[in-house]
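In the two assemblies presented below, chain A is common to both, partnered first by chain B and then by chain C.
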Partner chain A sequence: MDQLAQQLVNGVLIGLVYSLLAIGLTLIWGVMNVLNFAHGEFLMIGMFLSYWLYVMAGVDPLFSIPINAVALFLLGMLVYRFIISKVMKGPALAQLVVTFGISIFLANFAALVWTPNFRSIEHTLLSGTWDISGLKLSIPKFVTSIGSVATSLGLFCFLKKTRIGKAILAVEMDREAAVIMGINTERINSLSFAIGSALVGVAGALLATHYYIYPFVGGSFGTICFCIVALGGFGSIEGAFVAGILVGVVQTLGGYIFDPAYKLAIVFIMYLITVWIRPQGLRGW
Partner chain B sequence: MTIRRVLLVLAVFAMALALGAGSALAQQKVIKIGALYPLTGNLAATGLDCKRGADLAVEIINGNFDLNLPFAKGEGIPNLGGAKIEIIYADTKGDPKNGLAEAERLITQEKVVALIGAYQSSVTKTGSQAAERLKVPFVCSDSSSPTLTERDFTYFFRVSPHDGTMARNQFEFLKDLGDKQGKQIKSVALIYENTEFGANVAKMQQQYAKEFGFNVVSDIAYPANASDVTSEVGKLISAKPDVVMHAAYITDAILFTKTFKEMNLVPQGFLTMAGYIESDYLPTVKADGNFMTVRSTFALDLAKKKPMVGQVADLYMKKYGIPMGENTARSFTAPFVLADAFNRAKSTDSQAVVKALLETNIPGDQIINPWKGVQFDPKSHQNIHASAMLVQIQDEAYHTVWPFEAASRELKWPFPAWKDRK
Partner chain C sequence: MLLVNNLSVGYKGLLAIQDASFKVNKGEIVSLIGSNGAGKTTMLKAILGLLKPMKGEIRLNGEVISGQPAYDVVKKKISLVPEGRRLFSRLSVQDNLLLGAYTVQNKDVIAESLEMVLRLFPWVKERAGQRAGTLSGGEQQQVAIARGLMSRPDLLMLDEPSLGVMPKVVSEIFTTVERIAAEGVTVLLVEQNVFEALQVCHRAYVLQTGRIVMEGTGPELSQSDLVRKAYLGM
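On to the complex of A and B.
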């Protein structure tokens, strides 16, 4: 019984990491209908950035969050400006393949310049585990989940309250109408791609506090994120947030109660049932 | 495309052709061996370790070194006029499909006369199928699934011990622990990644647990490369085993170690393998890796009894700047076994090489591993002398702890609680 509660907590913690990764992905999809396969590799770049800042300048990953956000924002903008915006004019297949190409390039480029070795940050401000009457709560994982909630809320407020945020939502809902209303959609595309990347940069800094770092780490998170985006409804920020937690909990509890060998199968069955009942996903339209 | 562009492309092609022809000319007295390793993807770091081991072996064979290894003294392979060995690497990306395709490519296009590799048992399985079909010898010194040598292939040979042997070694250790040190173990929990490697390790462990009279309280397969393993560790905690036996590659080994600590799993001991002895494991988990007991076919402290091991390890350190490890030591041995076969066969013809491999008899003092030597079983082609020892991580380094007679450090048992560390 104790283990069951423990697993529930663990599920929420990993679920919130998934949420943070998935909202960036879903934002990009929602605005420009581009599935960014390089999302996991952007995460990897974020993790490495935190790692190098820690090793070379002694910056704790917690403080590299803003640096990561800005750096990945710029990276996202450049990738959009010089690669994505070009293929947006081409056939749909080109859009699909190009981000896939970027992902392979980034992972292998990282392996080339930083070697494929594993790294981890040892003495961060966050380490250790709280023991709350038998319930184990990893401090770095807990702070990561708080960071995820805060970032998601921040994004949500930005989209609902600011002029630019409302413009992003407008483009997401109806691109043609937005153009007629005088919204510069090209700028909104670039901005959304950059914001989506910045979010994954934040996730990179948070994950760097307790996860191993290596060039192919993106792959461990990539596939599950697509599932979450689809489950939450393509383009829906709230949907992705809720779906992330849901997947985390179902995966962890399912693995514990049934068999860990089937934990991903359980997640995908849940996904299939959901799209069967609601083809647009939890919060899609 | 403008005319200029076409010309440019043609010029590049012409240069590439010229380069290809040039290297073909230079390769007259070169024996080409193909190597399959995961050079990109999840196991890229592992593949690099393996590549370094094979590269160092080839350097020793081709060059002139004062070491007690076959062909170290004098350049190249004597009976073939000092022919040099060249390894052509192919990247499997850790995928059995690529293992098959790359093995075919190496044989049919690169014209390699033998293959080594491929670290992951699942990839070796498909790669060696291609080799068998195309009648080219495959000498494996790094994959451990028992099924590989149960196929009675004509062209497949394995130098290193398989999981059956090593699982038996692990239970011999547990029995020894009770008999010689009075530390009685009753139950074990098996946890393993669900590919060829892990699943077969578990099958063998189940079999030997029964034979040696240990109770398996939990048998957990999990998907490799997961991003979170708390449910797996939760199941282990609920099972309360005396000993946890884990079969994992590097990514899982790191993640599990962190999760064991976080969720405070403290059995009497952890018996582990593979990922836990990769060169990246300790630098990543650091002191959290202490007191893990790992099965191994190599340890740097073997140098105390076999000085040649120390000399090779020094060469390795000088060349790559990191200490030599288990995976490197495994891939290091295969090129010597092949060179020895080429030399006795006086040819690289596959039938002659297979015949020579079957007659292989390399004494124990000419290999860096702690075995009595290399000699293949005539039917299965498994090295009959291969076995495992156990090392334990203490002070963030691997030390031989079993067989007890060969130990360089005393075994620390039971596993100290996480909270009492540091």
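On to the complex of A and C.
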């Protein structure tokens, strides 16, 4: 029973990170109907950025959060401006192939320049575990989750409260009506892609405090993110938030009850069952 | 104020507007009437810059605005209340109104505009926090008109404001249009509800399969054979 509670906590902790990642992906989808297959690789870039800032300049991953956010924001903006926007008018398949290409390029480029080895940051400001009446709480994982929730909530507030945030939501709901309001939707596209990427940058810095850093780390995160976005209902930010936690818990509990090797399979089975009952995902619940 | 000259607009080569010319003078209510598929919506979209004309030009106070992107045209104080209202259904009524003032930077001006539209539709005040999608058709239409006024337009274009509104609210909508015009806003009204549209307007144009086939004052058109047969069912 204690073990189960422990797994539940671990599941929520990783689930909150998934939520943040998936929110970035679903925001991009919602605004411009582009599925960014390179989302996981952007995360990888963020993790390596934190890693190198630590190795070369001694910057703790916690302090590289803002640097990562800005760097990935700019990366997202550039990728949108010079690649995605060029294929926006083309068929949906072209956008799919392009982001898929970016993801393969980034992972392999990273493997080439940084070798495929696993790395990790040895001494960060965060280490150790709290023991709360038998429940073990890894401090870096806990802080990573808190940081992820805070960032997700920050995005919610930005979208609901600011003029630009509302314009993003407006474009997501009805692009033509947004144009009628005088909103420059091309600029909103670029901004949303940049924000979605910046969220991943923040997650990358947080994960770098305790996670292995390697060129193909984006692959599994990316796949899980797609699952979460679909589960939450494409484009639904609230849906992605809830689905992220759900996937984290199911994955961890499932791995504990059955076998860790099956944890991804269990997530996909849950996904299949959900879309079988509710093809539109959790959205609207 | 608005001058449309020999305008042709098409979708993938199929012409929806052909060689249409008309004008709207400052302070007028001008109706553009025609049946379904005549090209009325296409005309309004072309004026706002959502569609690029294939031929001809559109001038606003002398300046050529055809070919400019919509986000620039809206800044020139033209506003469109689109067909089907197109409110942002998951946003609150208040947020919908604020998005109507998206091109306005000055917060005081926005607050003033908000007060102005609340005077026009006092009931909106209590419902400001409600999701726009939960309003009735007539309420949504009023919010859509209020949203269109939030940018303080000199020219307000309304695309079938009586569509999807309960019959007894329809006359209320037209009364509102008259009140807006009385406050000095020029109105271009697109309608299939020909009878009412001819009642409220100063002048009107008849659009048939993309061509303007007739123009005149409201009473002139109401008495013409073409309008009586084709649109008023007499």
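Methods note: the second predicted complex is superposed on the first by the 279 of 285 C-alpha atoms of A that agree within 3 Å, B and C clash if a C-alpha of one lies under 4 Å from a C-alpha of the other, contacts with A are read in each partner's own complex, and residues count from 1 in each chain.
In this text, a residue touches a chain if its C-beta (ideal position, glycine included) is under 8 Å from a C-beta of that chain, and two chains touch if they have at least 3 such contacts.
Since the structure is predicted, the reported quantities are computational estimates derived from the model, not experimental observations.
Using the contact criterion defined above for the overlaid structures, shared-chain residue A:132 touches neither chain B nor chain C, since it reaches no partner. Once the two complexes are laid over each other on the shared chain, residue contacts for A:167 go to chain C alone; chain B is not touched.
Of the two partner chains placed by the overlay, only chain B lies in contact with A:216; chain C stays clear of it. Note on chain A: of its two partners chain C and chain B, the one contacting more of its residues is B.
Contact with neither chain B nor chain C is seen for A:56 once the two complexes are overlaid on the shared chain. After overlaying the two complexes on the shared chain, residue contacts for A:259 are found with chain B alone; chain C is out of touch.
Using the contact criterion defined above for the overlaid structures, shared-chain residue A:179 touches chain C, although it does not reach chain B. In the superposition on chain A, A:113 makes contact with neither chain B nor chain C. Across the complex, chain A meets chain C through its residues 163, 166-167, 169-170, 173-174, 176-184. Only residues 3, 6-7, 10-11, 14, 107-108, 111, 115-120, 122, 129, 136, 138, 141, 210, 212, 214-216, 219-221, 224, 248, 251-256, 259-261, 263-264 of chain A touch chain B when the two sit together in their complex. For chain C in complex with chain A, the touching residues are 48, 50, 69-71, 74-75, 80, 82, 86-91, 95, 98-100, 102-103, 147, 151.
The residues of chain B lying in touch with chain A in their complex are 40-42, 44-45, 47-48, 194, 220-223, 225-232, 234-235, 237-238, 250-251, 254-255, 258, 261-264, 280-281, 283-286.
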